[in-house]
Each structure stands twice: as C-alpha cells, then as structure tokens.
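Structures incoming, each one as structure tokens.
Consider the two complexes below, in which chain A is the common component and chain B and chain C are the respective partners.
Then we have the complex of A and B:
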C-alpha cells in the first residue's frame, strides 16, 4: 500500500515536472494555469497541443513497457526478459515502418498501431517458440538478439528503399525512440490498444503468482496455462505494439523497473505488474525530462537515456545469472 | 550551290561565334543548381549532361529543358566516361567525386551556394566566365536586375511576421537565400527574431510562442517520413490561420538562379494577403 502511494506520488510529481519542462521560456505557474484555464494566446496552445500529449504519452508508454517487462519476466521466470531486449519492440517497429511506407497508416486511423501489434505478435511468438516455456537465459537472450537483428535489418531496408530522403535518417528514431513533436492524435491512436493490452495483462496477476510454484502446481490451482500464455502474448503485443508505433522502440524500461521494484513487492510477480506499470511511467517521464534538459534544442533519443541507465544493470544481471550457474 | 554552302558556313559560324576558341565544348553538370545555371547560360551543344535532380519537379525549376539532356547520377565513373572538358559542381557536391575527377585531369568548376540576391548575380557571371558566355550571362543579369527592381514595393510600416518551417523543424534566418527572399518581399522573419542568423532547428514550442502571422512550410517529398509529420502538427494548423496552408515551392527557393524572382513574387502576394487580413 505504501509502495502504491509512493509510486503514484512520484508519477504525479514527474508528470507536472514534464509539463513545465521545454524549450519555450514560460514560467511553471503560468504554464500550468494556461493548461487548465486555457484562454487566448500561444501559451495554452503550447501546453495543450505540445506538452500535454508528450507527458501523457510518456505515462502511457512507460507504463506499457514496465508492465510488459514484468509480465514476461513473471511468465518466463527470468529477470532478463525485456520487450526491447528480446526483440518484441524491434519487430513492432518493423510493423509500424511497413504500415507507414505502404500507406496503410494513412488509410485508416488504427492502421499504424495495428500493424505494429502484428509485428510485436510475431516477435513475442517467435521468442516464446525459440526459447521454450522454461528456456534458459542463454536461449532467451540469443533468440532475442536474432529477432532484434532481423527486425532491425528489415526496418533499415524498408527505410533505405523509401522514396523520401528523410526516411533513411529515421532508422535512429525507430531503434532508439523519441516523444518529440507528438500530438494528441498520437495519444488517441495509441490509447485503445494500450488500454486493451493492459487490461489483458492485469488479469494475469493470479496466474503468474501461481506459476512461481511450478507449472503443475499452477494447473492444480485451476490456472489454464494455455490461456495464460495466449493472454500474455496478445497483451504484451498490444501494449508494446501501440507504444512503439508512436514513439519508436525504447529499450530497457521493462528490464530496469521490475528489477528495482521486485524487492518491494516480496518478489510476487502478480503485484509486480501494477508496481512496474507505475514505475515504468515514472522512469519514462524522468527520461523524457532528461532529454529536454540535456540537449534542449536537439532531439536526443529517449532510448539513449534509458540504455545508459539500463545497460549497466543488464550487465550486472548477466553477471549474477552466470554466478548463480543458470 | 555556292550560296547554300556559304549560308551553311554562316550558320556554323553563328552557332560557334559567341563561344571563345578556348571555351569548353563538352560540359557536364552534376549539381542541381549548376544544372539550371548552365542550361540558362550555355550555348547550344555546349552542355552535354545534367544531373538527375534537374528532372525532379520538386527541386528543379527547369524540368522541361532538362529532359533534352541525358541525365547523370553525379558519380565520378559515369561522368568520366562522358569525356567532359569541364565539370560543373556545387561546393556541397560529394568531395570525393570532385577530387576523383580532378585526379583524372578533368577541370572542375565549383560553385558556392547563393546566400543572398547579390549571390544570384555573381553565380550567373561566374557561369558566364567558365563557359565563355560572358555576353549571355550579362544579359541575364540585366534582366534579373530589372525584374528585381520592378518587384520592389513600398515597404510596409509593420511588415507581417512569418516563419519558414521545413521537415524536422528546420528554419532559415536572415543570412540565407530564403531569408533574403522574405526580406525583399517585405516580410519579417520570426527565425531572425529568435536569433537564427543562418539555418537551424527551431522547436515547435518556440515557434508557437513566437506567434508568427503564418507559417510557410516547404514542399513535401514523395513518400511518407516522420521528419515531415511536424508540418501537419495541429499547432502548425493553428499558426497558419492567417494564410491557410502557406507553402513555398522549393524549386524556386533552393538554388541561386533567376527563378528566385518567382519566389519573391509569391511572397509579395502572401504579404499583401496578410496585410489585407490584418485590416
């Protein structure tokens, strides 16, 4: 309970901080007033059309990535499962790029996130097949590397063949992710799938807790492993797909956040789901504030910041896994 | 018979007369800006090939003329095989290509981009010099000056404030050709107010806070790209309320050619529309 209050307070504080951070020179109180009260002039425009969607997307996408990481780690019982590392974000990005370049994204509103969901589904499915239900860390990471590399190659190929000369430069965006210059439109395209996926993953709470006792014990407790697995695949693909479609592939959030919060929830994977959702939102808000403070005029990619935090932790986890002889 | 032969001689003479004995006879241009300058200035038969971009209506104002020349892809290998005695390149053309051609003993004339209207005149004169077509170039300069003068308008007391906004949020300040076009057309440039002397990336928030009377966006490239999504951001829509969808034709703005006169005329029209709006 105390953890929930702390995390909600942290997200709230960071949300407000994200709203008052930006290259335009406006005081924090005036800007919040303009956001709430509206009125004439450019300030409500900046607050409502530029900063608000950016902060909302950071919450939605950070929450999605934290939740997806916690769910996959709970199911695979492996702390290295992060949607970015195991290639789910990469395949989602490929789906999104394909939708944009073929015109599917322009054809109907949900074309972009649905295509990204398709890519993500392929990614999750491939990883689970390659790594097996109780795959070792090694096979999981190897499968992830292979899928990431393949999806990345296809994404680069499509963007290199694109007629627009700017498209090739956007490989970086799809690999590292950014929330710069997003609008409310992007919130509306991502929201339905993120909500649907999050609701699916939330139902896994009891199942994942039961799974800690082993698959047989879980089935004896009335958990259908088949259903659990399907819900996990579709839920993860929905949240990661929709997130990647509007912000590119942002790595390591799903790795770092569950790792940091696991001790506070008594290592129960079910409770880790909601905790990681809040924690992920907080981490991405913080990262998005950081990119705007470090290089205000440039579009520093979010994935750069999350990787700087996440990669050392990843190395630490690999070291510990090896020491434990897994 | 003799008369026919004589007139044939005369025709040949007339075609070659303005070209000096040592002026280049096989010229290849590998930059979209030198392509257009060369097509304007060169003698018939003197220009052998222009770059592929010269046929791209998005960036070239002379696609019709360009269709009459074989296109090259601006690569040293291909250009060398055309046996040119002069290659025209821009200073932003790939350095490696220019160096390679020079190593192969092909003279390369390098043209700097134009940053002002005076630069446009200079490039015409330079093209006349390297092609041995000084008279033709002087004629074009005189024509350019006259049209430029005719476009001069009574300066407005309060020039409407506008911003140029391209893909990725790039903008142009006063020390650019685009900035000079705005200035000549009697428009105030928001980028200059914000401290952009040359070009640079202006965050969307900063643009919105500067409250320009309209935002002029560049022509879109073929095919989608995230870089260009910024031009359809709802904020741009709100800022363009003065003149909806104000857009510039890149082909008239990119190169320092006399076609910038068309850009000035377009912007003068835009300025009048904005001023009428304000009244």
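Then we have the complex of A and C:
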C-alpha cells in the first residue's frame, strides 16, 4: 500500500517535471497555466503539441515496458527475462527500419509506426507458429530468440545495403529510441494498443502467482497454461509492439525495473505487475527529463540513457544477488 | 463417494504405451500408496489421472473444468519448485487460489486453512521465513502444507516424503492418515515399503506400465510380489504393531 502511494506520487511528480522541462524558455507556472488554460500564442502550442505528448508517451511506454518485463519474468520464472525476449521489439524495429529505407516513413507521417506495428504482428505470428499452441516456456524462449536473431539479421542487412550514409545514420539514430518530436497522433496510435495489452497482462496476476510452484502445480490449481501463454504473448506484443513503433527500441527498463521492485512486493509475481508498471513509467519519465537536461543542445537518445543507467544498476543487482548467496 | 475413477485408462508417449488398461476407483477415507520401481509409471499414472497428460480412456478428474478440478484435488508434483523468494505463509496461501474469487482478498476461511496447514506440517515457527532459504526437507514440508491448504477432498502427492528426516517422514504419513480418517483421501507415491506398509490403508503396485496389485498392505506386500516387482528380498511379518516390511537384499 505504501509502495503504491510512493510510486504514484513519484510518477505524478516526474510527470509534472517532464511537462516543465524543455528547450523553450518558459517558467514552470506559466507553462502549466498555458497547458490547462490554452488560448492563443506559442506557449499553449508548445505545451499541448510537444511537451504533453512527450510526457504522456513516457508514462505509457515506460509503464508498458515495466509491465511486460514483470509478466515475462513471472512467466519464465527467470529474473533475467526481458519483454524483448519473444522477438516482438526486434521485428517491430525491422518493420520501422524497412519503412525508413523504402522511403515510406518520409512519404507519410504514420508510415513508420504502422510499418513497425506490422513487423511486430509478423513477429508474434512467427513466434506462435514456431512455439506451437501447447508446449513449455522453453520452446517460447527458443522461438523468441530465433525470431529476434532473424529480425536483427534483416535489420543489419538493410543497414548494410543502405544507399548512402545519411539513410544509415537515420536508421541507427531511430533504433536508439527517443521520444523527441512526437505528436498527439503518436499517442493516439499507441494508446489503444497499450491499454488493450495492459488489460490482458493485468489478468495474468493470479496465474503468475501460481506458477511460483511450477507449471504442473499451477495447472492442477486450475490455471489454464495454454490461455495464460497466449494472453502473455498477445499482451506483450501489443504493449511492446506499440511502444517500439512509436519510440524505437528502449532497453533495460523491462529488465531492471521488475528486478529492482521485486523485494518491495515480497517477490510475489502478481503484485509485481502493477508495481513494475508504475516503476517503469517513473524510470522512463526520469530518463526523458535527463535527456533534455544533460545535453540540451545535442539530441541525446533516450535508449542510450536507459542503457547507461540500467546497465550499472543491473551490475549492482548482480552484486547484491551474489552477496545474498542466491 | 468416489473421488477418482479411471476406466480403460492409458497414457502413450511417442506411440509407446507408458501406461495401459488401468481400472481403479478411489473412495473417500482412503490412504492409498502407489509403489513400484523407478520408471514403472507411478508419476505418469497420477499426472494422467489429473489431466496433465494426454490420455486414453476415462478419468473423472481429467473430465472436470480446471476450476472444478482445483477444488476437487490438490496435487504436489515431484519437482519441488519454488521460483521466487516469497515467505512461507504467502506460498502456502497460493493453495487457496482455487477457492478465491477474482477479487482475491484472502478471507478468514483462507487464513484459517493456511494456519491449519502450517500447524499440521509443523511450520508455524517458520511462517515468515523466506521459503527459498529453507533446507530441502523444510521446503518439501512447505509444499505439502500448500497442498493441504487447498483443502480438497482428494490429495495427490508424488514422493512427498523423499528427502525428509525420519521423524518428519513418519509425521507426514501420520498427517496423511489422519486426513483419511477425517473422510478425505490421500494418494501418495513412495519408495519406502516400510512406511507404505505401516501407514497406508491400500497399496497400488505399478510395474512396467500396468497395475499389478491393488489391495490392503497385508494382501499386497507378499515376499513373492516384492521379489517379482522390485527384485529384492524382504522381511515381512505381521506383528502386534501392524505389518512390518524391511527390504533385505537384492535378488540376483
């Protein structure tokens, strides 16, 4: 309960902080007033068309990655699992890269996110076919790794065959992940998918708790593993696919946040779902504020910052795990 | 009342019969031991009956919906898996999940069932410890308590007492026997013929995928059957304390 209040307060504070941070020189109170009151002039425009979608996307995508990471770790009973494991982010990135390469992204505004969603859909379909409707978590991991590797190889191929350095540059920068220059349109693309996926993943709470005892015991306690697995795959695909489509590949949030919050929920995988959602939103909001404060003049990429923060954090967690002798 | 009925029951894996022509009924108040050598099909029999394996023939448990089954039978698999470092009480509470609605707040009934299960397995002192940091035998008892907390008419456990110290082996078998005397039924697989003889009301012997004997320990555990099925000689005697079976040596 205290954790919930703390995390919600943290997200709220960071959300407001994200709204008042930016290159446009506006005071915090004026900017919030402009956001709420609206009116004519550049200030409401900056607030409503630039900062608001950026902050909203940070909450949506951070929450998505945290939630999907917690669900994936709970299902695989492995603290090193990551939402990218089932190949969705890799194949979404490939779809996006293809859109940049073919000029689809330049031709119309929604070309890139839609191509990325198409890639994600294709990736999920391939994983489902490979892993089969029944079967253990192992086949799911193997299928996910195979699809990730394949998507990665195709992405490299596109980079390899890029007609000029500028095209390659654009692709590389997109893949680092960013929330800069996103509009409310991006919010409206991502929102329905993320909401639907998050609702699906939220229903897994009890099943994931039961899986603490292993697949056999969980199934005997009335959990349909087949349904749980399908819900997990489609839910993760929806939230991660939509996130990658809008923001590019942002790593480490789905891996580190569940790991970090696990001790605070007594290691219960079901309770970790909501905690990780809030934690992920907070982490991405903080990272996106950092991006704008540290190097405002250079376009620092969000995925770079989450990796820079996430990797050392992860090293610390490994150290702590070793110290506890687990 | 019959808690489990198997008819013309069999399990095949890779077109090879692992279990065939099983006919059996478990009634309430029975303490059933399933014995047999390694690879005989004991685990397959239990998992198949629960509907966890594709099977032929009929199983009354496999025919239920998953939710009904969760209230009809508790299952303790052989693999003692505790995936996350949760505390003992939380783990035992998982056994209550088939009884909880989607609101999932444990009620007083749930807490009482957990307290009873912890008490039965001598775990009350360990209730707030982290389950993964307990010893192997203690973890086994926690998992038995989890199955007890499910509070079902039938309890099935695959080698629940393997790895326990003698006192807890006996105490666990006595707890199972007392469940049976309360009108519930317990089906356990085990390798200790002495404990099986002493605490079970009925023994089912599985060998090479078939049920080769089914009856009271005195009728089933003859020296001939022990020799033919297990390949060992044994000291078997009915004493005032009950049936005593002590394996002696391997028959060449």
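Please note the rule applied: the second predicted complex is superposed on the first by the 237 of 326 C-alpha atoms of A that agree within 3 Å, B and C clash if a C-alpha of one lies under 4 Å from a C-alpha of the other, contacts with A are read in each partner's own complex, and residues count from 1 in each chain.
Quick note on the criterion: a contact is a pair of C-beta atoms (placed from the backbone, for glycine too) under 8 Å apart; a residue touches a chain by one contact, two chains touch by 3 or more.
This is a predicted model, so every value here is computed, not measured.
S.K.: Let me test your reading of the model: by the given contact rule, A:39 touches which partner, first (chain B), second (chain C), both or neither?
M.R.: In the superposition, A:39 touches no partner, neither chain B nor chain C.
S.K.: Considering only the touch criterion stated at the top, classify A:105 as touching first (chain B), second (chain C), both, or neither.
M.R.: first
S.K.: Touch test for A:24: chain B only (first), chain C only (second), both, or neither?
M.R.: Only chain B; A:24 stays clear of chain C.
S.K.: After lining up the shared chain so the two structures overlap, which partner does A:183 touch, if you call chain B first and chain C second: first, second, both or neither?
M.R.: Only chain B; A:183 stays clear of chain C.
S.K.: After superposing on the shared chain, does chain C or chain B touch more chain A residues?
M.R.: B
S.K.: Check chain A for residues that touch chain B in one structure and chain C in the other, and list them.
M.R.: Common interface on chain A, chain B vs chain C: nothing in common.
S.K.: Can you tell me which positions in chain B touch chain A when the two form their complex?
M.R.: Of all residues in chain B, those touching chain A are 167-169, 200-201, 203-206, 208-211, 221-230, 233-235, 238.
S.K.: Going by the contact rule at the top, pick out the chain A residues touching chain C in the complex.
M.R.: Of all residues in chain A, those touching chain C are 77, 205-206, 209-214, 216-217, 219-224, 262, 266-269, 326.
S.K.: Okay, in this complex, where on chain C does chain A touch?
M.R.: 47, 50, 52, 66-71, 73-77, 79, 81-87, 90-91, 94-95, 97-98, 102, 104, 132, 143, 146, 150
S.K.: Name, in rising order, each residue of chain A that touches chain B in their complex.
M.R.: 22-26, 41-43, 45-46, 49-51, 100-101, 103, 105-106, 162-167, 169-170, 173, 181, 183-185, 296-299
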